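Data block below; observations after.
A, B, C and D label the chains in the order they appear, each numbered from 1.
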Amino acid sequence: MNEELKQQVVDANKALVSSGLVTLTWGNVSAIDRESGLVAIKPSGVAYEDLTVNHLVVVDLEGEVVNGDLRPSSDTKTHLELYRNFTDIGAVVHTHSPSATAFSQAGLGLPCLGTTHADHFYGEVPVARALRAEEVAEDYEHATGVSIVERFQELGLNPLEMPAILLKHHAPFTWGKSAQAALDNSIALEMCARMAVMTWQLNPEAAAIPAHILSKHHERKHGNSAYYGQA
Amino acid sequence: MNEELKQQVVDANKALVSSGLVTLTWGNVSAIDRESGLVAIKPSGVAYEDLTVNHLVVVDLEGEVVNGDLRPSSDTKTHLELYRNFTDIGAVVHTHSPSATAFSQAGLGLPCLGTTHADHFYGEVPVARALRAEEVAEDYEHATGVSIVERFQELGLNPLEMPAILLKHHAPFTWGKSAQAALDNSIALEMCARMAVMTWQLNPEAAAIPAHILSKHHERKHGNSAYYGQA
Amino acid sequence: MNEELKQQVVDANKALVSSGLVTLTWGNVSAIDRESGLVAIKPSGVAYEDLTVNHLVVVDLEGEVVNGDLRPSSDTKTHLELYRNFTDIGAVVHTHSPSATAFSQAGLGLPCLGTTHADHFYGEVPVARALRAEEVAEDYEHATGVSIVERFQELGLNPLEMPAILLKHHAPFTWGKSAQAALDNSIALEMCARMAVMTWQLNPEAAAIPAHILSKHHERKHGNSAYYGQA
Amino acid sequence: MNEELKQQVVDANKALVSSGLVTLTWGNVSAIDRESGLVAIKPSGVAYEDLTVNHLVVVDLEGEVVNGDLRPSSDTKTHLELYRNFTDIGAVVHTHSPSATAFSQAGLGLPCLGTTHADHFYGEVPVARALRAEEVAEDYEHATGVSIVERFQELGLNPLEMPAILLKHHAPFTWGKSAQAALDNSIALEMCARMAVMTWQLNPEAAAIPAHILSKHHERKHGNSAYYGQA
């Protein structure tokens, strides 16, 4: 497996701390090498400051450990279900960042209340349904991934245009083409959620921005004629 | 008394600051050496940055000072009542962390609104009742400990499954097998309380998660077949 | 173009991070050299920590790039419209700071709820209207600037007495005689917005302070007989 | 004037920043040498990081500058009115810390909602009335001090038992026997105000704690038989 990719996974896991997204060990980042079909993921319950590429666990898309001495993140099966179904993504980030998690706990989607949101998420960030008792008993983390994919199919969403989900009763997942992009989406999601809490406190009627502003911001950053950032 | 344990008490007291749980000197950590029955606790009103093992006060389970030149934390008798009754715990942490203290001041228990909570606390974190004037006059800090133990007995709670309490009008206590575990529970409690405030702001009807998700998260981290963290 | 001014633009862009006003690359600072009519602005999507004077893009008031290898901030045309119309200002700052952005998203002006606000903004910070679909399609960032100028004209506001605007659905802009002054106004705006959210949470009837206190605070800091700060 | 005292004033002014109480230059600390009747205060509008004892302005109780090249804080007359009337205090701190300022802006006193508050403030922190136009016109900062003293007299409060006031439309002042004590009271006030906002969000009916708990916490820390801290 690509060593540079593994270093990116380590760096993004450490950046969960410096960006204020995680408390204790409540978060993990993985990335996939699409050529080999191998996924490098954080080991479970290991402190971020101690993490090196040697600690990463490498698994194949069926979850078999190919390399690494530690147990992979308990959320590994959720990551894998996303890689199997969202074939354009290269990395997945899971956190319990406080404001986004509050949306998960409230069971509410996060509508696009402003251009900050529109720059990252093309419309309302959806909520995946709660899992049933039998799903939890049988294969909880796999079923979590299935419920995300199912929700995206129901809503006809493109995972690269909507690189985030809120799990009901749980917390968010984000993704992107690279570990950095997936991390940036977690950072953006947390801040958009935090601003939404305040926005509704100020004005409970505040609703999604007009469609022409949503698509303008999406297009200027992500469209074919994007002019945000350096080409 | 075990020197390594004393160092853990010093480290956990200092970590109260780095984890953002304390303001001024509003918090303290103790640990018990079950073999000798001795408890090492922070001295009262001493700044965390100056703390060394030599400052710790060692008391026996009746509160007699066995070692140390300083006055022990004013909350010592509460710690001791917990050690006498919760015989599996090894350390106690008291803070006035803001969100958990707001729950204490509001007189509300903290229900399990999500899996973050379920990973640390098996159900609703309870509130201990306010103390009566005669209890406060007679032996305030002892009575505080008694009210915690009483509440756990009323609710039939296992202190290792529910390692936290909210004192009405006051603030939280947490505990665990080690100083680090007790500290982690204080960190988790503050974050769960902070997320609960936001969750109810978004959705005042948000309630405890389904029992099958609560027990799944508890079991995967703390049960006999736990697979969170490294074995 | 004045090299010292370029260094001030770099410093103020970096200070967006240290003052907690920006997340990711959501903000930019520019300054104008009124003698030459040239504007130095942050390049689009470049990280603040890497920024040097050599990265800055220098444009004239019509937006022609005079110097610099990078693409200027996507918000450049908004900055330019402000420089063309607010002829006494020397610098412009745009951020998505969370509390001020919440006001933008709520579509609410920020009234002067206390002397903190009065020290920086002479009355209610206004909201510029949402842009129509045809404005967005034709020249979005230019139209943004036009909507700000239009709002100031409607309200008869002096840009140096009211150095801030909230864009509906978007976020704030501030300005000032220097990059430092424009930055200070962004910092003050964010804190005033944050305090306003809490003020209304405590007392939904809280309203603007009496006119004699507003003008006293404005005058003691900005008037001809100002006695705040060093002469 | 006592050089050690001047150093304490410098240190406390710098600690306004490290304790998160000030934004920009919105705060100042002074201390009085009761033997000489001289007061050392921060110069107006000077950045905290640059401050040394040589920058401090020394004034007598009538406000005449005795030493120092800079203009004293614009709030100097308020400090002096407090020193003249609260003869047991040794230092005064003024900040615009966000949560306490929200109470000022809301025009609400801060009741004692928990023991954190009781450890520092013996009852509800009062609000001083808004100043009338003629008071503002004649001598604003002096009248501010007069309104504080007037409120304490109306309520029969002891300034050492209640070392804080909230100025309506403005922000808090705190004081204490030393610069450190006055600073600690500003830190405690901000945290108690922040916790009160959350407490009422959770339970709008939350009210002052019982009198026997209030006096117990006050006595164990400040009474003749205090046992909090080291003797």
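Just so it is clear, a contact is a pair of C-beta atoms (placed from the backbone, for glycine too) under 8 Å apart; a residue touches a chain by one contact, two chains touch by 3 or more.
Computed from a predicted structure; not experimentally measured.
Chains making contact with chain A as well as with chain B: none in this assembly. The chain with its Cα centre farthest from the Cα centre of chain A is D. Because chain A and chain C share one sequence, their contact can be compared position by position; here under half of the interface residue numbers appear on both sides. The mean-CA centres of chain B and chain D are about 32 angstrom from one another, to the nearest whole unit. Rounded to whole angstrom units, the spacing between the C-alpha centres of chain B and chain C is 46.
Shown for chain C are the residues in touch with two or more other chains, namely 201. All chain pairs that count as touching, in label order, are A-B, A-C, B-D, C-D.
Of all the residues in chain C, the ones that touch chain A in their complex are 23-26, 43-46, 70-71, 74, 96, 98-99, 101-108, 130-131, 133, 136-137, 140, 169-171, 197, 200-201. Across the complex, chain D is touched by residues 113-116, 119, 184, 187-188, 191, 194-196, 198-199, 201-203, 206, 209-210, 212-213, 216, 220, 227-231 of chain C.
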